[in-house]
Every structure is written in C-alpha cells, then in structure tokens.
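Comments concern the structure below.
Chain nomenclature is as follows: A, B and C, assigned in order of appearance, with residue numbering initiated at 1 for each chain independently.
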Amino acid sequence: MSVTTEQVIIIDRVQLLDNDTEHRITIRDGHVESIVASSDASKETGPNVLVIDGQGQTAVRGLCDLYSRLREPGLTRKGSIATESQAALASGFTKVLCSPDTQPTIDSIATVQLIRQRAEAAQGAEILPIAALTVGLAGEQLSELATLQAAGCPAASQADVPVGNTNVLYSAMEYAASFSMPLFMTARDSQLGAGGCAHAGAMATKLGLPSIPVAAETVALARLLELCRETECRLHISRISSARSLQMIDAAKQAALPVTCDVALHHLFFTDEQLAGYDSTFHSEVPFRSLADRDALREGLRAGIIDAICTDHAPHDRDASLAPFPATEPGLSAYHWALPLILQLPELVGLPLNQVFEKLSAAPRRIIDGAEHTGMTEGEQADFFLLNKDAAVDPMKVSLESVGTNHPLNIHSAESLGLSPMLGRVSHAFLQSRHHPF
Amino acid sequence: MNETGTTVFDTQTVNSWLDGMLAPLMQLFDEQTPIALIGIRRGGVDVGTHLLAELKAQGVAVEEELGELNIAFYRDDFSSVGLHPVVGPSQVPFDIEDKHIVLVDDVLGTGRTVRAAMNEIFDYGRPAKITLAVLVERQGHELPIRADVVGHSLDVGKNEYIDLDASTMQVSVGKKS
Amino acid sequence: MSLADPQFNALGELHHFIDIDGLDKSLLTQILDTAEGFAGVNDRTIKNVPLLRGKTVANLFFENSTRTRTAFELAAKRLSADVLNVDLVTSSTNKGESLLDTLHVLEALQCDMFVVRHGESGAAHFIARHVSPSINVINGGDGQHSHPTQGMLDMFTIRRHKGDFSNLCVVLIGDIRHSRVARSDISALVKLGTGEVRVVGPRTLVPSDVESLGVTIFPTLEKALVGADVIMGLRLQKERMRTATVPSSGEFYRTYGLSPERLALAKPDALIMHPGPTNRGVEIAGSVADGKQSVILEQVTYGIAVRMAVMSIVMGNATNLRRAQS
C-alpha cells in the first residue's frame, strides 16, 4: 500500500453521512483546512495539490475498534501487527485497541513499546495496546497498571480469561479506579460453562457439544456490576451476548453506575443455529446465542443500552480450524467483512447509518478517553476515510490484508446467511498526516 | 407379439414347460440320496414352489420346504455395480450336507447367478450333488455352466429381457429399455 | 445456510455413515432390511460372505472401546474384508501429530474404509470432510454426539420383536445429556415414526432442550414406564457419579434404577435394552438385565449384521460413484 505525500489534498464532490449534498474537503499538511459545499469556492490547483474525485463516496470519521487481536508478539503465524493493522485500516478502522492476550501478554512496558514500534513501522491503523489486568492474565498478581497507562495503554483487560478469585478482582477494580483506568471485562464465569464451545441450547444438545449457559455470562456480570458499585471503577463490559445481560446493564445504568458495554459486530448477525453441521467458522469464544438473544442485542443497540460495537477480530492460521469442532480455536477474522456488515445494520437494527457509525467511532473514543472525535473538524488532524457504499468486497483480497481467513463469509454466500450482498469498500483513508489510497 | 413389441407366453404354455421338466428331473434322482429344492430369489423361488408341489403330488420323497437363496452377497459385480437390493434374506431350513440339491431358477443366461448361488450353497454345507433346473434357457453363457433340466429354450438377443410373472405364470419377452 | 451434509456423495447416495440425523426413513429401512439378510448369514456355520474381498477396513480408535471395535472387526471379517486395527489412544496423535496427518498416512496405505471412534463431538464429520473421496467413513461414536450403528442395531432389535414402530412407546432412562447412544436412538426412533419417545432422568442428565429432538420428558420413572413397550437403559459413566451431576450410584438406583417392581409398571411384554456395559445395581437390577424380557445380548449379536449392512451399502455406493464418474 502506498502513502502519498502531497501537501494539499482536495476531496471534491464527496457526501457526508448526515448530508448528501456534495462537499469539498481540503486537507493541508495532514489537517482539515475546510469543509465546504463543492459549489461554493473555486478549486485550488498546483504541483503539490492532489485532487480526489469523491463523487458517489461518503466521508466517514475513522472507526475505533475497542477489541481486536493482532497476534503479535508471539502468535505471528496467525497474524502480525503489520498485516492486521493494514486490514483494519482497509476496513475504515483508524484506531484499534488490541487485546492483551499476546505471548507474552501485555503486562510490561517492553511489550507495550514493542507493539507501538511495530505499529508505527506498519503505518496502518493506530494501535493502542490494552494492558493485561493481571500478570500473564493469570488472575493472581496485578500488572503495573499506572505504568502501563502512562506508556499508552488506554484500558486494562483480562481478555477471555476470567478472574476466578473475587478478592483479586475486587482489588483490581479498586486499583484501576485509583487511576481512572477503564477496565474492559468480558462477563464469563471461571467454572460455569468452562470447556464449553457453544451456547447451551437446542443446537448444542443436538450436536452433543459441551455448552456455555447464559448464566455463565450473567453470573459473572452480576459480580462485576456489584464490584463496580462498591469500587466505582470505570467498567466497560466487552462483547455481551445475551438478552438477560442487556437487562442487567440497563438496570445498572439506570442506577448511575459508571458502566458501558459493547457488542461484537458478528453477534448482531449470527446465532447458534448456524453451528449445524459443525461449522467451525461460527466457533466464537463468546458463543453465538439464540435468535431471541441476537434480536435483543439489535434492540439494545437501537435503544442505546449498548454503547459501542467492536470487531472481536481473531485471525487464525489454517491449522487452527483443521480439527473437530470443539478442538478448533475460537474466533472470527472480522476485518475483511466488517464494513459490508456494518452497512447492513441500519436496516436490521433500525438506526440511521450515521448513528450506526457513531457506535463505531465517537462512542468508543468516549469510552477510552472521554474526548470527542475531531478527525473531521476544521483545524484538526484529518482522521476519516472515504466509503464507496456500492463497491463489492473482493474475496481474493482476504489473504492479502489479514492472515486470517476464518470467517463464515469466506465459505458461505451472503445470501445463504440471509444477508444482503456484501457491499462497501474504503477507497482512501486519512490519518496521522498520512493518506492511504486503496 | 403385441403392439409394444413384447411377446407373451400364456399361462397354459408356461405350465406345459413346467410339467415337461418333471420327468427329466425325476430321472436324475437316485433312491439313496435325499432330495431338496432350493430356489434363487425371486423367479427361481416361484418356479421351485411349483416344482416342489408337483414332486410331492407324484409321491417323490423330498424336503418339505423349499430353500430360498438371496445371492446379493455373492454376486461378482459388487466392485462394478455395488450392493444389489436385498430381496429378503436367504433361508435354507434344512441341512444341506450330503443331499441332492435341485437348484432352481427362472432364467439361465450368463450363468453368473448360478455361480454365486453355488458358492452360497457351499457356505451352508457340502451337498452330495447339485442339479440345475431352469424354466427358460437363453443364449449368452459366460461361464461353463449348463442346466440339467430345461423347461424351454428361447432364442433372444442380449438387448432383450425375459420376465416371469409369478401371479399369472406368464412369461414375457421384450426389448430392454 | 449450513454446511452440506458430508454423508452423501454426488449421486445423493450414502457415502459415509456419520449421523442418523440427515437420513430419511426409507434409507433407515433399507439398512434394516439389508441387515436382515446378513442376520441369516450369521446363523450359518460358515459365517462369512465374499462381498468385500480385497477391501481394507481400518478401525481408527482414538478412544478405547473393545466392544465396539470387536463388533466392527467381526462385521468386516464376515464380509471378507481385511481389517487393520489402529490404536490411536496412545499414539502420536496425542503427541502433537495432527489428526489429518494420521488420516493421510492411512490413506497412503490404501485403505478403503475408516471406522472412527473419537472423543470429540463432530470428529466423524470433520474426518469425512477431509478424507480422500475414495474412502468411506463410518462413525463408531464421536464425543457426546452420535453412535449411529448402535442406534441402528437398537432399531433392528426393536423391529425384530415389535414389527412396526408407529404404535410403540419407547422410554430412555438416565444420562441423555452425555450420551451419543441416546441421541442416535432418539433420532432413529423419531424418523421411523415411533408412536411416543419418552425420556426420564434427573435434570442434570436430561436438559430441557432435549425436547427439541422430538421426545417428551417425564418427571418420574414410574410415570414414564406406564404403557412402555421398550425400555432402554443408558450407561451412567463412572466419572458422573459422586459429582455435582449425580450424588451417588445408590441414590441413582433408588430414583431411576430399573428394578423388578418398576418393570411391572410397563407392558408385560416390554423389551429391556441397554447398550452395555451395564452397571448392575445402578441403572438396572441384575435380575432385570438377565430376565426373560431382556434383549441386551441380542443387541450385541444383531450389531454384527447391522454393521455388515452399513459397510456393504456405503462401499457399494462408492462403486456406483466410481462408475458414474468414469
């Protein structure tokens, strides 16, 4: 992927999400200089001016992914910071929070620095490492959270590893609260449903798969919410999967607890029924649950109980899926199909597209630093992308962008999954004073 | 021959073929060796039932029940056409050892069915003698197997079928579709 | 929406026998009818037929089961196939060699059929999807999912004694949750049009969503047995006793054990079945297991004919496919 170096970039005749008249966006030295109606002024020309015809395209603020796995350090056969940060950018994500479940886990300054250096060299999406809440994610000793925060970790998390010891969890939340460091926690009991690989429902019963009941999520969620009440820790529930969890989070918000939550993009689409025939592309660490749960998640997003959408990106090498279903490694390689799926949400959820994108750009940024997104504001650094809503996804590009090909849409047609055609591609991205044409 | 190109031999004709088999068959029996009839499913069972009844009516000492063979598990074409539908299991309700077995089929063609049937018979025991009795003999032998007793010989080509309708005891000959 | 059923070949014929779910009634009936033919063979002094002469059947057992392996071995030998027993429980697959590598080695040895027993649910599906198309796969039990030849031999036993399924009331007792035998039996019974299929056991072993399989959950064994034509016990694994699943084998017998007194509640000619090995005094009283209504040993005997039927049908279909493709 090339990066252009012109001093001035003019994007002409481009639409905005909430305004479909044609606009002209001028970027000078990486900063947004002006956003005006195309008809308003005469166009600047010159040797250092790049003009992009934005007709038929929409400028969208850069997306922010609250939960992704880049697999580096340690698991680079599955993906690397270079490949995955490019894949993220090609899907409109300019900022990506990466899970601490690397090898080693992100519990030391050295690992944070390594990730940041690799990310800078990669020139893809901006990468922010999430600190491991406990050393090695072992759930025993706290990581140096203040140090990691200062080194650039916007949050701390236990990834997919529950903390069994409530004493440790209580301390961790109190300690994180001392530095106003948000905790990203996945609600999963350490014992109930342990060893499971599918939602406890009719499909798991039919297939004889070890299962994970909804209570494995809600029991853990209740514990987290009660500890949040006591510790006043900024608690972000990562990747909820059930209707009952939504009710609990709604009640917690009503009670003014400092709680937010997100849902993984694919949980808004898929259900446990799709495991029929042991289709391991639907094997997800947070399991796909019933149709009723899926519909409740859509409603929760519409009603605003769910604050944000993350990708839960989990690329794998081919060997990870060459095993009987329970032995396959869970997770979906999400980036390649993320944008077309996002573009189908307005119809499925009942939210206008700009509000759907809000859940993927402004909302996640508020969760990590409370700041408003300024990437398309005059005078600020440009951080947005041009979206061609009608361009088909190129299946051949999957392996070029991300190492992982483990996603249902890589083996099933959209139609067979009950989805509209997969349309939506990024043509240009602007971030950190760089311009990426795709 | 009727309008569809099928030749039908009526009940009377077919019964005369059957009756004609009895005398030559009985000539092959000797007093020392007990006799038993085995029909090859399905047509051979129909012919065998008829022959057994006639033999009993003539006072011949013969095994009370007809043995029935389903040769699906012995056919030589498994590796080219797979398993044939199993039309009821083989039933040989008597001891075969040292008996004179009259093996009955409706049509003798290539001889491969008889080969399979004889293999199966030997898995039940060692008969003293096997005699082959068929209602109709046609051309196209592929093995050194000939019938000892034949009801009727028909000169039909490879692309024609011969079918015995057990309910009416009529034989029809027509072109294979 | 879901992956294609790997059991059928390009002609729509049964190529692998993995799961009763996905087969229709006529195919199940064909298997039972063919098994009748082989049952006759097994009654003879010379018990083999030349059908699979020159074929090689590999028993790939990733999980110990002497009974099932022996039954498959005997079935293959009675079809005159060569049998290769590959004990994989202690072999390299447990030391990091991938399952697929093992399969490819056996393919290279030019086996024609794999009989697979594996501890993971879905393992047989996985293997069927990845073997060379010339190989037939028969599921000898995968995890908690399916044990289709056991299901079919149970159906064969029931049909021999009771004939038609439509008026039958069949009761399955005990560990439905973890039992692949229960899943295959339920699937086969439902497809064959069984009048009523009841399940009974503590809720730790009978999850509520088993009703989605087409059965009715009964609250007590006593209620479930009234009017029963067939009573199927299931093995309660030792590791499930004395845990949070079942407090003790004694309590299990007191609540769900098939005692002579309880048996009296069923129809007088009710069949007693069990896939074995039985835990006497846990699932079933010794006197009931050995009693005149018990057909537990017949099940074992018929298992040979049923497996011969399944093996010869799928291998015959492989022949058809080769012919169609040439």
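Note that contacts are C-beta pairs under 8 Å (C-beta built on N, C-alpha and C of every residue); 3 or more make two chains touch, one makes a residue touch a chain.
Here the structure is a predicted model, which means the values were calculated and not measured.
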From the centre of chain B, which other chain's Cα mean sits the farthest off?
A
Going by CA means, which chain is nearest the middle of everything shown?
C
When the centre of a chain is set as the mean of its C-alpha atoms, what distance in Å lies between chain A and chain C?
45
Between the Cα centroids of chain B and chain C the separation in whole angstrom comes to 39
I'd like the Å distance between the centres of chain A and chain B, where a centre is the mean of that chain's Cα atoms.
76
Set of chain A residues in contact with two or more other chains
none
Inside the complex, what are the residues of chain B that reach chain C?
70, 72-74, 78-83, 85-86, 88-91, 119-120, 123-125
Chain C contacts chain B in the complex at 30, 33-34, 36-41, 44-46, 48-52, 54, 312-313, 315-320, 323
For the chain C and chain A complex, residues of the former touching the latter:
1-6, 21, 98-100, 118, 120-123, 125-126, 130, 142-146, 177, 180, 183, 207, 209-210, 212-213
Mind pulling up the chain A residues that touch chain C in the complex?
200-202, 205-210, 273-274, 276-279, 319, 322-327, 411-412, 416-418
